[in-house]
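Have a look at this one before I ask anything.
Chains here go by letter, A, B, C and D, matching the order in which they are written, and residues are numbered from 1 within each.
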Amino acid sequence: MADFDLVVRGGTVASASDVSQCDVGIKDGRIAALGEKLPAGAREIEAAGKLVLPGGIDPHCHIEQQVSSGVMNADTWFTGTTSAACGGTTTVICFAVQKRGEGLAPSVADYRERAKKAVVDYCFHLQVTDPTEAVLNEELPRLIAEGHRSIKLFMTNDAVYLNDRQILEVLAAARANEAMVAVHAESRDAIAFLTDRLLKAGLTGTKYFEWSRHAVVEREAVSRIIALAEIVDQPIQIFHVSAAEAAEEIARAQARGLKVYGETCTQYFLVTAADTDRPGFEGAKYICSPAPRGEANQEALWNLVRTGVLDVVSSDHAPHSYDDPQGKMVHGNNAPFSQVPNGMPGVETRLPVLFSEGVSKGRIDLATFAAITATNPAKVFGLYPKKGAIAVGSDADLAIWDAERRVTITNDLLHHNVDYTPFEGYESIGWPVTTLSRGEVI
Amino acid sequence: MADFDLVVRGGTVASASDVSQCDVGIKDGRIAALGEKLPAGAREIEAAGKLVLPGGIDPHCHIEQQVSSGVMNADTWFTGTTSAACGGTTTVICFAVQKRGEGLAPSVADYRERAKKAVVDYCFHLQVTDPTEAVLNEELPRLIAEGHRSIKLFMTNDAVYLNDRQILEVLAAARANEAMVAVHAESRDAIAFLTDRLLKAGLTGTKYFEWSRHAVVEREAVSRIIALAEIVDQPIQIFHVSAAEAAEEIARAQARGLKVYGETCTQYFLVTAADTDRPGFEGAKYICSPAPRGEANQEALWNLVRTGVLDVVSSDHAPHSYDDPQGKMVHGNNAPFSQVPNGMPGVETRLPVLFSEGVSKGRIDLATFAAITATNPAKVFGLYPKKGAIAVGSDADLAIWDAERRVTITNDLLHHNVDYTPFEGYESIGWPVTTLSRGEVI
Amino acid sequence: MADFDLVVRGGTVASASDVSQCDVGIKDGRIAALGEKLPAGAREIEAAGKLVLPGGIDPHCHIEQQVSSGVMNADTWFTGTTSAACGGTTTVICFAVQKRGEGLAPSVADYRERAKKAVVDYCFHLQVTDPTEAVLNEELPRLIAEGHRSIKLFMTNDAVYLNDRQILEVLAAARANEAMVAVHAESRDAIAFLTDRLLKAGLTGTKYFEWSRHAVVEREAVSRIIALAEIVDQPIQIFHVSAAEAAEEIARAQARGLKVYGETCTQYFLVTAADTDRPGFEGAKYICSPAPRGEANQEALWNLVRTGVLDVVSSDHAPHSYDDPQGKMVHGNNAPFSQVPNGMPGVETRLPVLFSEGVSKGRIDLATFAAITATNPAKVFGLYPKKGAIAVGSDADLAIWDAERRVTITNDLLHHNVDYTPFEGYESIGWPVTTLSRGEVI
Amino acid sequence: MADFDLVVRGGTVASASDVSQCDVGIKDGRIAALGEKLPAGAREIEAAGKLVLPGGIDPHCHIEQQVSSGVMNADTWFTGTTSAACGGTTTVICFAVQKRGEGLAPSVADYRERAKKAVVDYCFHLQVTDPTEAVLNEELPRLIAEGHRSIKLFMTNDAVYLNDRQILEVLAAARANEAMVAVHAESRDAIAFLTDRLLKAGLTGTKYFEWSRHAVVEREAVSRIIALAEIVDQPIQIFHVSAAEAAEEIARAQARGLKVYGETCTQYFLVTAADTDRPGFEGAKYICSPAPRGEANQEALWNLVRTGVLDVVSSDHAPHSYDDPQGKMVHGNNAPFSQVPNGMPGVETRLPVLFSEGVSKGRIDLATFAAITATNPAKVFGLYPKKGAIAVGSDADLAIWDAERRVTITNDLLHHNVDYTPFEGYESIGWPVTTLSRGEVI
């Protein structure tokens, strides 16, 4: 038996199915053993009374990316992944976005270069914005063969949007090359129509953001992408499902046997459309797409998680500072809702807030928490079993949690490069106290 | 009491709710009285032992129209409406199709001119193919004010297709002007993708037509147009629903309170996808869109009619001769499925075949037959109560049926200008023996 | 043409499908003609500016019946049917209830005797409470052959309840003899359990009535009776559907092709569970079973009526005076909810209130009103076409309505023998001003 | 680190979420470590190239029990558990059945005595057949406090059936004492009615068994028990779901947030109703309740397992020999279907056949197999984490599988005390080669 480089001792270790009391022996960055009274390691971490969970996998982070509204994310690879690590996350999946008129490979190469500053592991979704023959027949096959496992598509957002025919071509390419496809599903045309009507009517405040993309806009696109995937027989994951109506379409697809998966985000359990109507321009902080919905929707989302219709909870970390001419106020502090960069930061708060609302409040059990934050995203996006599991042979990506610790979240506490958090003042019950990436404390 | 010009005496008179034994007294082309032992009219028609039904309203006929595949319908207004009348139909609704780059009004004017040859009453759906500002803000309001009651949209078919944004603009215009909207709902992009793949694979035979537009293609578009209508809060009718899966979307919309109506066509109760695989090029006769489905689908359609999810049965009369270089063989007798003009003739057979399959075989009652073939289309498209009812004051558009007469349908029997009927050899139980348009026997 | 005994002149005549301006010519109690400018009758009623509707058929009235809680209905056949007539109703269907240990025939004979005091037409549901071999094999066949068309069953209520095996036997007898079956569907055992627990907990007030039979109790029984009817392939009507959840089961049954019909009652559109919590013992006035539900349920019921899932609206007239030791206070003015006689009066208010809420407020059209209050119940229970239609040959049962008249309902205004109405103070827009039974003004 | 009594070396170890290559170190009958290159144990089992799965938990076995048809199970505790072990199962849950007129405790005591012959671990469902006050208020609380975790109810079967009121009382007692409730859900009255009619019509052959309890009988009872559980807010598991229609009710309950779980059995994936129509009396071998359904139902069941609607697959081992006057032929070899003892043997074949059909044929993955055969039943019935997991601290109940081994099942091969297997001739791909109970090879 190998000498351990590190032993995490005496914790309550949880996987996506099992919870046990044991030591975790680590060697060469991998989990070498789980056991009672393992021999001493070169180093030891005492975890008695603590939880040892798989390090979070956040499959949906925007980091150091020029987003479609033109601004850059506030977080660099360094700040973003530091923030992730401090929130118990050990792997992030970000977006290598094709520039229209160019191939995918340059974006991937460029992004890979930038990503070297990362302090946790990472990989990329290949975001196709211009599915030329070359992209479909040469670049995707090659990139997938090189190890990229997933493609990202937008159904809305003029800068990155694909039409249905293009989507079908990409889905077919994914199927031929055995990659997963993740989709931002909202109806571009409906949003454009509604936005246009609202702006013309002078309804420009942040609260109208949700009016411009209410639940039917999301449900329609979800229904459509499921049909397109059904035509090609390609598995898909619907990103950041916000509305229970949209999730119902996913459930129906699953019930007829389709491989359709759903992700939601921590904020959708807590933020509501009402937050976008905060006084002044404050509502801008809560603008993200799909839009937050009403309160009744939130309990519905919990049940959708419990029944497995939605099996991943990500952050959709989209860091833009509020009081920042390169952030939420890029078009001023009175900009119409349609010109506010979308998204909110969350890579660091995703796990604590979800743990607190889910596990501490009894809505989900520990194994489900491990599943939706680590094991399931790893499986959906091809990282498993190297990532996402506390199992012998897997990378020693671990988060040690104090389930009792109460932390009142303030932005000062966080490590992202953003000037606000949507969870300001939230008291989290449970907190990740130590994060290990391949056996190293971060 | 007015002297009657005509009395239809002693028949069994059916409306969409009631069946009674009585005479029908007609004056000046309108129904002046229903009664027992009405006084003698200037003329009399003996209807004892016969059924007196409202003249059929066929809200979906292509007559003397250049269709999107480029060819002209084989039927002129004279032959088409003669055929209608011989099949018990007294009103047809046809399509005044906007030419792209032009306004709607010229098409309407031109079509109105041609329609003067009609032997039964008619009106037009305004088919918008290019929703310019002028069309939306000037022509539609004016034409609707002049009495046109409905707009037609295509979601597929390159020559006439509207994208989702255009559809929303038209729906909004319809709402502002209080017109009905009827929709051909199939996914253009999915059809194009599938067709392309099939043709490239050498699968060009007529049987592949249904492969290129299977039920999911229909269901997707139905789901989408319902969402678009929901956004604008505009009533719509889904034309020619073929697949029970698509109808399920309509039922769900109705259950949540939306004004969404569904039409199907007589052929979908009898023709199946298997017919498109008849030997040689014969399958071309049965190519229509949406495509005919399987047998199990047919019993499902009956129940959808009984529960009112689908409340109109039309013909989608689309007359193209088979052995005709301007018809089904416009691209030869071995053309790929994608180049065969769509549609089949049916304005004359719609009612007899539906009566036979529906009423004679006990699937629906007489009142339902009257409802789905006359009263409901009249109500949906604003012709009621002038049309679609056997009620005092309504036009005396009547069809007198012999419910016992057995007629084996052959094309020779029919009055359309087409060289085949999809119902060749079908023995119909029940036949319309006399048709009256505004009190005049046709 | 016969000389008319009576002509109702110039009204707006509505059937379940059609609305027209015409005179109604009546001879020998039947409608002899509908027409413009009919010749003068022996008598004339001027109806210009008024509506002429089919006289209401109230298929669910408890009149001069000893109900299961032991008390007698406050209304006799004379007062009850007078009240009906004054509310525009011309036919009532009441309950000939088998006494356990006896056959059905004596009850029918006795009830027929009492009913001679009726001032409108009537017939009986045969309420089976003890399905002996004699009842199933001799009495039901004979009574049905004699013209009785429907059987009533209770799934709850100890005094009249049938267990599932008995229900199956009755359904099978109904099928063999071609009678309709109407069902009071609530789960007896669940109600007993909940009642017992509530009473033991000291929760005895009227507001707990709904707690003792909440929606799941209704939905379960509806789901069960549908299954039993499916096994035997027998059409059924679910009486007085109160909860949208229960109606959903009916909709699902209809969607899979079963002949399952649903009735609801006027009060379920207006009374809510909150009314049973009125101060003092006032809540007792609103105790009826199934219990009134919440407000959201009411808009759901309207849509269920519009989509035809529920196609009859009755009164479930159950007259028990409030301040009456033989009525609501039979066990005192502080009795536990479980000892309060169920039901509320409504035979006179059913149509005005429904007209006002439905037609005047734009929720349903006139034809639908005629359908759900007259034509549909006539068809469901075999009275059609003699009853339920304004059609030549049908009985001249008519209600003439002033659609504009505003009447504030007070109990003084009503003709029932009850000391309250649940609609006290309700301002009805639209009122039946004249009622004719077989051509005679009542 | 403890010296291991046994090391299972080099296998592919699967839990309900994870699959890894590692050794399993066992000490004192429990799993002490999972790791790479664990130190040598006192004994070693070479598992390279093999799968190491959690020993199966079969939560539904009838062993040495006098069943309601009066006969004894053919298997004793010794033969039954030997058979289980040879099929990779290490825990069985059997039924301690209350005798009516007696309490539960004597049955438990008696059954515990008999069970001493078992060669694997076991526990009991407390089957309540007579829920007296003493049972509800004294025995159940005491037995549950002593460690029994589950109650079993029958909704059919005269000898053991509870009515709805009794069921509610037991559910309430379960909730008060925090026990799980498992339910045999079929409608007693419907079965009795149908059986009676079939027998009277002379339709007595084995094929009519399914006619007497077709899917609607199952769906109705499932719908009903869900409602009863909803009233009391008590988690339940529906045993042996056979019909997809019944599972749909479970899915609907889960979607509205109820804790309703579903079990199915291996035979329902392979045996169909057609098997009950085998020549002679052979069909009797396949008589079990609920009845096997059609082929289309089988693919539906797989998807229900994949989506988690059904999360346990048991055997419902019900051993009655075929050619045996104390078995299937207790009433002769020509007995009517209603007199044939229900059930088929399966404790030994459950896992191999399910593995072969599920894992080997690609319908489910290894983790799902571990979940539905071990982890989930352990969690549902309170045995977890001691049982059902390959995790540190859990009992070393393991099954070592050769995933490649092909075995043609014949009854000779099996260790049960029954003269047939429903899977005679089935070629299983994958076979459990070694079974360990608490670290001891059986």
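Throughout what follows, a contact is a pair of C-beta atoms (placed from the backbone, for glycine too) under 8 Å apart; a residue touches a chain by one contact, two chains touch by 3 or more.
Small disclaimer: the values here were computed from a predicted structure and weren't measured.
Under the contact definition stated at the top, no chain borders both subunit C and subunit D. Centre-to-centre separation of subunit B and subunit D, using mean CA positions: 56 Å. Inter-chain spacing, taken between the CA centroids of subunit A and subunit D, is 39 Å.
For subunit A, the set of residues that touch two or more other chains is empty. Contact between chains, using the touch rule, shows up for A-B, A-D, B-C, C-D. Here subunit D touches subunit C in the complex through residues 163-165, 167-169, 172, 187-190, 192-194, 197, 216-217, 219-220, 223-224, 227-228, 230-231, going by the rule given at the top. Note for the complex: subunit A touches subunit D at residues 1-2, 13, 15-22, 25, 32-39, 251, 254-257, 299, 303, 306-308, 367, 371, 375, 385, 389-394.
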